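Down below are the structures I want you to see.
In the two complexes that follow, chain A is the common piece, with chain B as its partner first and chain C second.
What follows is the complex of A and B.
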């Protein structure tokens, strides 16, 4: 598959090279049209997803082509712009929109190829729809444990510890950005909190404390999974609108070029 | 069909309670006076289950009306029939059309039809067009049997079927359906009642015990099996391709067939906690013991078996065998090469149930091995003298991880020919697979992206199109069936009556019963019960779509794959982290 893609890539490159040698038109319009073609192809991926019941090639093949062509598009983009900075507001908009779309794609690609593995390694993978349910179950279980600990041991230490230090942690998704960086700061914080409180507890209370610790670490996993799935879904909310904006700007750009350079091609 | 003697004209009372599946004592006594049952030596049966009790528990009297379909080609049967009165017809050629058997002929859509789904898919969940009564001599219809209260499919005009198709009559005093019931293999022909027929239906458990304790019965059955099926099975095996007819005949005469385990493995499996599935090994019936000297080559016909070796006190799984696989070949080859007896290097146990053929070792050494091409030689198993050698062997990198093997065998995922696997290291949770599935099924996804997991592997809840499709047992209308060309298991919505048998049988809970609706989203009502109509739904591998399975086609990251679990190599390749 990769060989076929590479062959296609070479073919496109040599086609473009041949056109430029033939001097059908100025290099700018040639690179411009090729870039438009590439961008339209990249944007067509969304259409392909919608037309999933048609034999247009598997999504996996499209994904591979998407990455290859997007790299080719970057190369042509620099050729087209001649490595100089844009001139005027519209050019700035077009330039930065392309750059932003491209970079968001790259970031997304890194996220989609690394995040699932990170999530699977961290703990039980939880599907997005289940995260709020599991979080709520953990919260209810922790609430109950804190209450039970009072009647079990006659001491309110654990209940108070829970109320002061952990109740808000159990209540919602926390530390999204910390988890996205892969940091284990939250794990360390919890370890420290539990170690500290344990010093104030009699041995019979440790059983409940350990159960609460398990729940807290399960909650961390839920947060890690929540943060990961959030990013896995949300990056497309940047990539797709930018793509749409890019298509519109390219449309204006072509119109503009033709209006003022009529007959130049 | 096992012809064990003519019938006499006995009158039987049908059991009083229609739902009571057992026969009454007086019926059993009368049956025991008749051939072939009168020839069976009752003293050979154990006290815990006498012949009388066996018939009471595992047999029942049934009456079929003219046209009633008794067995359907392709269905998996669990019982055999002995005709007391009446005549049935076996359809030999041409085959009765799929539609008449309640199956779906689902043609592939054209590209235009596929495209049209984008705007013709319904907004209402589980839309079905109005259910029409069918007409024509070949259309199946269903009716309630007055004795058993079971729904039965029938041919509305059996006479015209007899005129138009080549059929063979089977008369009173003959058995039919025993091989498919004993070996859990598909019925090879469709059989329907020509006139009012009274029969004894014997469950496979009863047949198994009859065969076990009655030499006469066993010989009869084995003879039939040899004549009808064994030759074909042996000829199909790649190990025997180079034998001539005479040599094959020698093998056929010497081969024995055996069953281990329990055909009804699935109710127990469903009850067992998933976490304990992997610990079943000690309970699995032992077929061959590591260290014993080899007397026969074992060929698996149906079901699955686990290969294991013992290290210290524990059994370690090293692989699983399925239909077509051989056990003991490596030892036989070594023994031929070295000239000394070689002990079995692995134990073999039945996972659920196993049907196997025992071919005597001396015949294999004499007829098969001398000209067996080396590509059929199994990989060499080293001599495992010490515990550390055994550990090295079990944990060698080219072998599938033992934990994974236990997960697959314990969870019976090896039953799947198109198991939906999700690679959690690659799955981004984008749900493109679910959306594509839904689009390919009129807006209704046919799987749930959830299921049992082992490390980075998840087995999603989607029909696996099993090698042993227990869902197909007991479908009264033949709506759930295996497609002849592809082998996929499919449900025909036109003939599914919503009885839930398949959903209750499926060990993996991959069949869902849904309320079906009309174009306004209102439920269709069953005319008999006045209740909303239910239908069974499941993954059909997008058999009508031009793309093949839409879920796999829609996955951008190669994270979802439909895998035939018998192809361990492709499974291993895809599973790489």
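What follows is the complex of A and C.
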């Protein structure tokens, strides 16, 4: 199916190329309209969901076509602009909006293709909607462990350590950007914290300390999953508004161009 | 809702049974309800938030852009790009080219599609009478183009070059580069002006004259890149002047222009159709010149004349004889009127000045006196519409020595010449005496008499027998040049065979010969800078002379595109269409020059 799709795509590209050769004068209007068509098609990516009753192909095929056409759109964009920077503010807005939309799309494409594998490599994959629940469970378990350590060992060292150093860590999603970069800085920080406090504890307290360590590292995995899931969802908060704004700007651009097109005024 | 009330010194729960009754724990000591019920706080889904953000963003962008167009109208907001330096004088006066902008944004909307842009371009750039047609040619299949379809402004200081694809839109052979360009075919198989045989001149004629044949001997490259050709005076005269003067022509050296046509006078008069004096020795046809100057009302008679053998009218009926008589009298009248009134009889100066400027009165009147010695008497009869008398044989013109020798005198003793009229004193005109007829010395200046054609060896008019001849003098000859553009082409056969078409190419339509060489090196569709090329290569690298030139064809072999491809398209030398071809083929005044077409201007 993908081969057929690719063949169709190449056929359309060839036809378009032939059209560009048949034109007199600059191909700005051809490239412009093609770019408009590409943008509208790309913006209609959600149509497959809305028209799920129609056999419009799988999401993977749509995504594939979406990526191909977006790369073609970038090529046509540079052809259309002639690699020139714009002059007026409106042209700058249009130029920037296209660039931002395209780059956000590229980022999203990279994220959607790489992040799931990264998350799976890091630890247990958690469904996005369960992350707050698991995080709360870990927090409660840590709270209880800290309280129990006082009654079990008669020492408040672990409870005070938890209260001072880990309570806020268990209370919310932390280190999102650190996890998105793939850094293991948080792991190192926790290792260091637990190693330091262990020196001030008697051996009977180590059992609770180890349990708390396991909860802390489980919380790290939850944060990593949360950060990845956040990015997988939130890049669309940039890409989609930019796409719609781009369509608006393109509409103005076409209106303006055709006012002056071929010396119409 | 729970509202604890104080009973004594304690607060008690007052929740009704309908809501579950009083709670077990009861209110706090300060009267607050101990049962905390968190209220439901719905949270937007991510999709909803995203839509909300998208909506706000789009509305904001739309509003800002619209405001920018409406309130911030100007080049700061919408800039089409900088003008080229060629149009830099326009500066920021957008309305110079976009007049609708005078009325602002509203004007733009109101005049959208009015299409005044071409008018603005053509106000300064004169591109002829059909500027918007393809190539500026009104007959270019009716296809119209706007200036801006090829010429893009607002692209910075330099006007962008016209893209190759602009040409290919019509000439869709898809000539992406010179390697895909069609061959020149047989170019230059047909010489444009002269049928000059380069090979024979280089290999035969010049060596015979012990001269060196070089391209530069006749051609010079101008700084503008065109090639000039030396004039006849500069290059050809030394060898070809004799051809021009028809020295090499067999028979009569001059061209018969005016002549008394020969007619069967005996038969004509036997049937009572008299034409007065008429040279019975003439056997000339009615020359095209004489025919051209006969009155229009003789057209039918001329048609009859053409159907007859006017030298033998025995089988002609009376009507035909009458037509022949009328034509003969018309010829006589033409000659007589011209003798009396001069060159003005031959038409206006504009048309005939170059033809007859050299025709002198003495030659004409002398001829007329010889042919029609009684013309004065006959003229009176013609004017009064009275019939002409029978002809009286005029004395023949003095014969040349050669003719006398050839005849041996016997021919002069024939009955015709010994008729009564011949011996009458009336026919002894001028210096001619009776003794002429018997081969004796007839004129006082006989020793200096030469043939008329020999006498005008530098060119001019002369009489011989019953005809007036013209002998070309130099090149270009005014009479021949004018004649070639006016009269029937077939009368040129003699001249052509004498040598004109050795160099000049005849053409079927329009003037007999092609237009004089303009000195250009290319047609209006093509551009070729000879100056740039001869600096690095020899002429014969492209122009290879051939020895077996076909008649009417170029003496050069067809050019090969490979000779161009050595550099163009390789070695960083451009091979764009516009480097060899012009788009605008009309001149500033709108006239079109020669039309050396691009290899195939038709859409294949």
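Observations on the structure shown:
Keep in mind that, in the parts below, the second predicted complex is superposed on the first by the 255 of 265 C-alpha atoms of A that agree within 3 Å, B and C clash if a C-alpha of one lies under 4 Å from a C-alpha of the other, contacts with A are read in each partner's own complex, and residues count from 1 in each chain.
What we mean here is this: contacts are C-beta pairs under 8 Å (C-beta built on N, C-alpha and C of every residue); 3 or more make two chains touch, one makes a residue touch a chain.
Remember, predicted model here, so these are calculated numbers, not experimental data.
Per the definitions stated earlier, placing chain B and chain C onto a shared chain A by superposition produces no clash, and the two fit side by side.
Using the contact criterion defined above for the overlaid structures, shared-chain residue A:233 touches chain B and also reaches chain C. Once the two complexes are laid over each other on the shared chain, residue contacts for A:115 go to chain B alone; chain C is not touched.
When the two complexes are overlaid on their common chain A, residue A:259 makes contact with chain C while staying clear of chain B.
Partner contacting the larger number of chain A residues, of chain B and chain C: C.
When the shared chain is aligned, no partner comes close enough to touch A:151: not chain B, not chain C.
The three-chain arrangement built by superposing both structures on chain A places chain B and chain C 110° apart around the Cα centre of chain A, to the nearest 10.
In the composite built from the two structures, the nearest CA pair linking chain B and chain C is 10 Å apart. Residues 233 of chain A touch chain B in one complex and chain C in the other. Those residues of chain A lying in contact with chain C across their complex are 20-27, 82, 84, 86-91, 93, 97, 233, 236-237, 240-242, 244-245, 248-249, 252, 256, 258-260, 262-265.
Residues of chain B touching chain A in their complex: 111, 114-115, 117-118, 424-430, 432, 435-436, 439-440, 449-450, 453, 455-456, 458, 545-547, 550, 552-559, 577.
Of all residues in chain A, those touching chain B in their complex are 49-55, 58-60, 62-63, 112-113, 115-117, 119-120, 124-125, 127-128, 229, 232-233. Every residue of chain C that touches chain A in the complex is listed here, in rising order: 46, 49-50, 53-54, 57-58, 61-62, 65-66, 68-69, 72, 75-82, 98-101, 108-109, 111-118, 120-121, 145-150, 152, 155-156, 163, 165-166, 168-170, 172, 174.
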